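Reviewing the structure listed below.
Per-chain numbering from 1; labels A, B, C and D assigned in written order.
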C-alpha cells in the first residue's frame, strides 16, 4: 500500500531517503531492522579511518534508496517487473544485510553460518516481525524476497539490482564509506550511472555513453580495496579479534573465563530473542570486560583490541633476510612468552582475488551498444580498453608479517 | 617533545588531523581517550538524523586540530602563550570531553556529578595513564590542563580557545554534526574565521573584516539548535531514557530487575577500571537486555528505546482546547494503565535560553575595530546590527506535550 | 510538446538540468538565449572573487531547473496552473534575464531602459526567434510569458515562482554565486525548501516545518549582500566603469575617441541584430581598446578597469577628521590633475535598503501553520522570531570614500 | 621580498590562494597576467559543459598555489632549491600559460608560433611589465623563470614541478575543470598526493604509501580525456572554428570581409600592445560580427559557432556501410552547396596518444620504495599493477565523421 505522503529520512549521500510504500516504513520499525543500528558497516578499517563509524542501518537505507530510484527512473524496469516484484526488490534491498553478526566474518566463522543464511532465516521466521510485515502486505512476499536474495527467483533483473557487479549495495557502500572515512577514493558519478542504466531483454545494462562512468565506478572499488578495506592495520585489528576468540573458545570449552555478553555468540542462532541481543555494541562491551579476565592472555588480547595496541607489520618482500629474520622473531616470541599462534601472523593477499571487476566465473557488466545500426549487448571488457587491461593484470601477491610491537624486527635499520 | 615526523589522521571535516607533539600522540593512545570511541556525540538526535553516529573521539580530535591551527596560524597566539601553555591548551582541547558518561545529561543526573568534574578527576588521577603521559612531558602539565578547563589558569587566551562563545569545541561540533546529519545548517566558513582571528591585549578577537563570518557562525548555531538539537523527537527519546532510569532506580532500591551492564552507572565513579567499562555501548546493551526484565513497565520502556517507538507529541499552542484535552488524555492513560509520571511529559523550551549568542552574563565575542585611526575592541553586538537584533529578541516559549502513540489525542482532526 | 527523451545538461548546482519540453530545448538554441553566454552574472564582484566567472546563461538554466522541480514536485502546483500556464512559467524562468545588457546597471543607465523592458521586447518581437519558438508552441505563449514576468498575468502562483521574496531566481543565484566564488555564505538547504513548499488558496507558501530553512535562506541572502555583492572593491570597480562611460559620452558628443565596439550601446535598442552584438565580451574588448585612445583621461580609466587598478576606499566613520581630510584630499587631486567628478566618490549604503527580507511594501513569505486545528497562512515574521528581529533592525548606514591609490590619505597612520 | 602580511584570494579548489612574496603580488597586477582573465581554460568543452566558463587567470593562480604548498610543505624541496630557485619556480608556476592566445591551438596554427614561445617572449621582453617586476626582484630572475619553463635550467626539481607527468599544472586543471564542469571525474586526493611527495637525489618522487593516490590521479586524467576533453561535440566545435579561420584567411588574402577585431591575430606577435588586445573575448566578438559578413560561407560558419549549431557526428565503426554512406553524404553536400573541406571532417583519435600516463619517451613518475632495507627510486609501472596494465593497453582508435545537421545520414535507422 502506498503511504498517503512520502516520508523522508535525511541522508548525506542521497539527500533524502524517500519512503513511499507502507511496507517499507513498517519494515524499518521492526526490531530486526533496528538492530542494524548496532552493527557497524566497517570493522578494522575504523582503526585506520576513525570517523567511519557508520552502521549497516544507514547503509541499508541507502541501498534501498538507490534501488527505489532505479525502479522509478530507469526506463524498462517497471515494464519488466510485476508490481509484486517491484515491491519485493525494494524489500530485498532494505533487508539484504539483516543477518550480519558482530565482527562480520569473525562471527560467521564461530557460528559456522553465513550471514546470508541468517538473513533468510530472519525473513522467513513466522514469529518474526519482518515476516509478519511482509506477509501482511502480500503472503507471497517473504518467499519472493528471500528468493531474490538467494538468486533463485527466476527474475534476473531484480537479482542484478541486489547482487551483481553493478548493484545497489556496492554503489551505496562505496559512496558511504568514502564519505565517512573522509577520502574521495570511493566517489563515482552515481547520477550519471543511474541516467545511463537500461533494461534490454530483461537484463540490466548500461548505455554506451555511460561506459566511462562504469569504469570510474570500478576504479573507485579498486581504490577502496587498497586504500581502505585491505589496509594493513585494518587486517591487523581483525587478526587480533580472531586471536581473542580463538583463545576465548579454548577457555570456554574448559568452562573458564566466560563473559556473559559474549555467550549469545555461541547460542543465539535461530532464537530471535537472543539474536536481537547480539551486536557490535554488546560484543565490544564483552571484550572490554574481558580485560579483567583471569586468563592473562585473553586479558592481554582484549586490552590490545580495546585500546588499539595493534600488531606491527612488515611486507615480506621488503625484507632481504626474510626466513632468517622470521626465525629470530619467533625465538624472541618464545623468550617473551608470546604464543605465536595468537601473536604471529603471515597473511598473503593475492591481487587477483581483489579485482574490482571480473568476467571469468562472474556475470559481466553489459554495455548496450550499436552494431550495424542495431542494439546489441556486449561485455564491458569488449568495449573498455581500460577494463580489458585490468582483466589481463598478471597475478601478484603481497605477504605481510604481523607481530607484537614490543618485539624488535631483528635487523639494522 | 616534537615527533620526528608529523603523524596524520584522516578526517572529513579537516582533511587531516595533524599530530606534531609526542604528548598528543601518547594521549590518544590512553585507555581514557580510546574510551571516547564508545561515547557518542549526539543522543536522541540520532533518532531523527540516523546517520549522525559519530563519537566524541572523532569530535575531540577535531577540536584539537582547530586549536592546533589557531596556535600555529593566528598572529599573536604564540607570542602570548608560553611553550608550556601552548602544549597545555592543545591537551585541553583534546581532553575536554574525557569525562562524558553514557547518555550524557542522563548520566550526570544519576551520578550527581558533572562531566566536567569527572574530566578533572580523570586527568589528575595519578594512577591514570592520562596523568602519567602529561606528567612525563612536564610535571606542571596535568594541573595546568585542568586549570585551563576550569577557567582558573589565569590565562584567558587559552581558556577562550577551549570554552567561550567562539571556541574550538563549538566550531568543530557545528561542522561535524552538520556533516554527519547530512544537513547544511551547521556550516560556516571556518577558514575565514581562522584567518580573521587575532589576539589583542591577551584576548582572542576577530578582525572587523571577519565580522560577517562570525554572524554566519552564530546563525549556524541557531539553526542547529532548532533543526537538530531541540528536535521534538530527539527530546522525546531522551524523555523515554529518563523514564527508563527512573523506573530502574526505583526497582533497584528494592533490589529488583538488576542488569549487570547498568550497574557501573551507580558505582563507577572515581574507580577508573570501572569507569572504562561505562559507555554508550554497554548501557545500550543493558537497556537491550532489560527488554526481557520481569518488570513489565521497565521492559516496555526498554523496548520503546531500542526499537524507536517514540512518544507522540503536540505543540500546546496548536491545541484550541488544551487543558480539557490534557485531562481526557490523562483519563485515557489511567484506563490503559500508563503511569503518567513515566509516559506523559510537558516540556517547555524558552527561546531565550537557546540563544546562539548572548552578551548578558557572558563574555562577548570581541571585534577588533578601528576607531579614530586606533585599534579598539568592541562587543560584537556593537558592530553587527544582525546580532544586535538577535539579542533584542523578545522572550518566547514553546510547550510540547508527549504521550504514547497508542493513545488518541482527544479531538476531531 | 514533450520530447521523446529527457535531455540533460550537466550542472554543478543541480546535478543535471533536465529538459522535457521541446519548446524549452528550442528556446535554448535561439541566438537571443545563446547571447547570455556572453553576459556575466556578476560584475565588480569578479574583481574580488576572481573565480566567479559564470554567465547568465548558466544561471538562467538553473532558474529553469528549480522551477521545473517546483512544478513537478510541489503538491498543488499542477492542480493550480493550467497546462499552458505550466509551460509559460517554465519559459519565463528560462527567459527572465534575456534583456540584460553588458555591465548590467551601467547599461540601463546609458540606454535609459530597464532590462525588464528589453526582455519584454525581445520576447514579443515578431521577427525574433524566441517569439517564433514560443508562438509555434502556442500562439498565446509569448504574451503569457511576458505577462508573468511583468506581474500582470492574473496568476499569482506563476508570478511568485519567477519573482518574489522566495523565487527560483534568487534560489539559483545564491547557490551558484556561492559555488563560483568559493564561499559557503550563499548556501542554504534547497532540498528542504523544495520539500516544504506548498500551495494554499493559489498562493505559494511554506509548511511550518520548513520555516527554519527559509530563515537560513534569508540569512544566506544577507551574507551574500555583505560579503560579496556589496564588497567595497566590487563597488569601486563599478564606480570606475561609470566614470569611464561618463567620460566616453562627453567625448562622444564631440565625436571624439569613438570606439566601434562601444557604439552598439548607444544605438542597438530595438534592433535585434545590433543587440546580439552587445555583450560583456564586446564591451570589455572596447574598453580594452580605449586604453589607446587619444584622450588621456579616457585611456587612464580604461587602463584601470582592464588591469584592476581599483580605487582606494575608506569608511567615513573610521576617520576622526573626516571633512578636513576630504578637503585635503580634494586639494591633492587638484594638484595631481584628477577630475574629482570621475575619481572621487562618496557612496552611502543604507542597511535597510539591503535587507534580505522585508514585509513592508512587499508581499511577505507565507507560512502554512495550524491554528486551532485548522490550516492558516501567516506572514513569516509572525512565526519566526529571528526574522521579526531582523525586520526591527534600526536603520544604519555606511559611507565609503573612494579615491585613486596614488593619493595618500592625509593623516598619520 | 616577503610581504608584511600574507594576502589571500578566495578559491573554490584551494580555499585560499596565499601570496607571501611581493614579486608574486606584483606579477598578478601586470597587464600581461590580467589579460588571462579573458582567455578561457577550456574551448569546445564549454559547448558540452556549459558551466565550465573559467579562465586561465583562475587556473594560473591555482597552479601557483599548489606549487607554493609543495615548496613549503614537501620535505626536501627547500633544501634542494636555492632561495632564488624557489622564487623562480613560483613565478614560473604563475606565468606558465601567459602566452596562450584565443582558441589556443587554433591561434598557434595561424600564428605558427607555440604558446610556449610567446610566453618566453612575454617574460623576456624588456619593455614588458612582467620583465620589469621580475628583474627588479632579482636581475637573474627573468632568465631563470624562462629556463625552468623551457627545461634548460639545470634544476630538474623545479622543472618537474612545472611540467612533468605529476606537475602542479595538471593537478590544478584536473580539479578545477572537474569543479567547473560539475563532474566528479577529475577529482583525486590532492592532500594525500601532497603529503606523500618527497625529494630524493634532487628528483621529485612519491612515497610508496602514496602510490594509490597517484594511480587515482592518473585515472582522473584518463576520465577527463574521455568524458570532457575529447568529447565529440567539443571536437566538433573546434572543427567549426578551424573552418571559420580557414575561410577567413582565404578571403583575407583577397582583402575581403576583414573584421577589425580579428586582425590582431595576424599581426600582434612580438608587439605587446597589440597582444594585450588579443583574447577570447575580442575574437568571439569578431566572430559574432562576422555573422553579418558579405561572404555567405563565412557568415554561416560564424553563425554556427555563435549560436551553437554544431556539426552532427557518427562513429565510423557504428556504420555497416561506411564508405558507401560517406560517398552518398558527399553527394548530398555537393547538391546542398556545402564545401566538404569546411563542412565534412573525418577525425581519428588514437587511444595510445591520449594515455593519461606513459613511460616510453617520457620521464616516468618515480616511487620511493624500500628495497633490502634501503630507499630506492622505481618507475611507477614497476610498482603499480594497474598502471602496468594501462601501459600494455593495445593500440585502438576511434574515427568520427562530422557533417552538418541539415544533411541526413544516408541509411534507415
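The working rule: a contact is a pair of C-beta atoms (placed from the backbone, for glycine too) under 8 Å apart; a residue touches a chain by one contact, two chains touch by 3 or more.
Predicted, not measured: the structure shown is a model, and the values here were computed from it.
Asker: Looking at CA centres, what chain is most distant from subunit A?
Answerer: C
Asker: Can you check which chain pair, A-C or A-B, has more C-beta pairs in contact?
Answerer: A-B
Asker: Could you please state the distance in Å, as a whole number, between where the Cα atoms of subunit A are centred and where those of subunit B are centred?
Answerer: Inter-chain centre distance comes to 32 Å.
Asker: Please report how many Å separate the Cα centroid of subunit A from that of subunit C, as a whole number.
Answerer: Going by mean C-alpha positions, subunit A sits 49 Å from subunit C.
Asker: Starting from the mean Cα coordinates of subunit B and subunit C, work out the distance between those two points in Å.
Answerer: Using C-alpha averages as centres, the distance is 41 Å.
Asker: At which residue positions does subunit A touch at least two other chains?
Answerer: Expected reply: 15, 183.
Asker: Name, in rising order, each residue of subunit D that touches subunit C in their complex.
Answerer: Result: residues 9-13, 15, 29-31, 34, 37-38, 49-51, 53-55, 57-58, 61, 179-183, 260-261, 273, 276-277, 279-282, 284-285, 288-289, 291-292, 306-309 of subunit D touch subunit C.
Asker: Quick one: in the complex, what on subunit D touches subunit A?
Answerer: Within the complex, subunit D contacts subunit A at residues 183-185, 187-189, 192, 212-213, 215-216, 219, 222-223, 226-227, 318-320, 351, 370-373, 385-386, 388-390, 392-394, 396, 411-413.
Asker: Per the contact definition, I'd like the list of subunit D residues that touch subunit B in the complex.
Answerer: 8, 15-16, 191, 195
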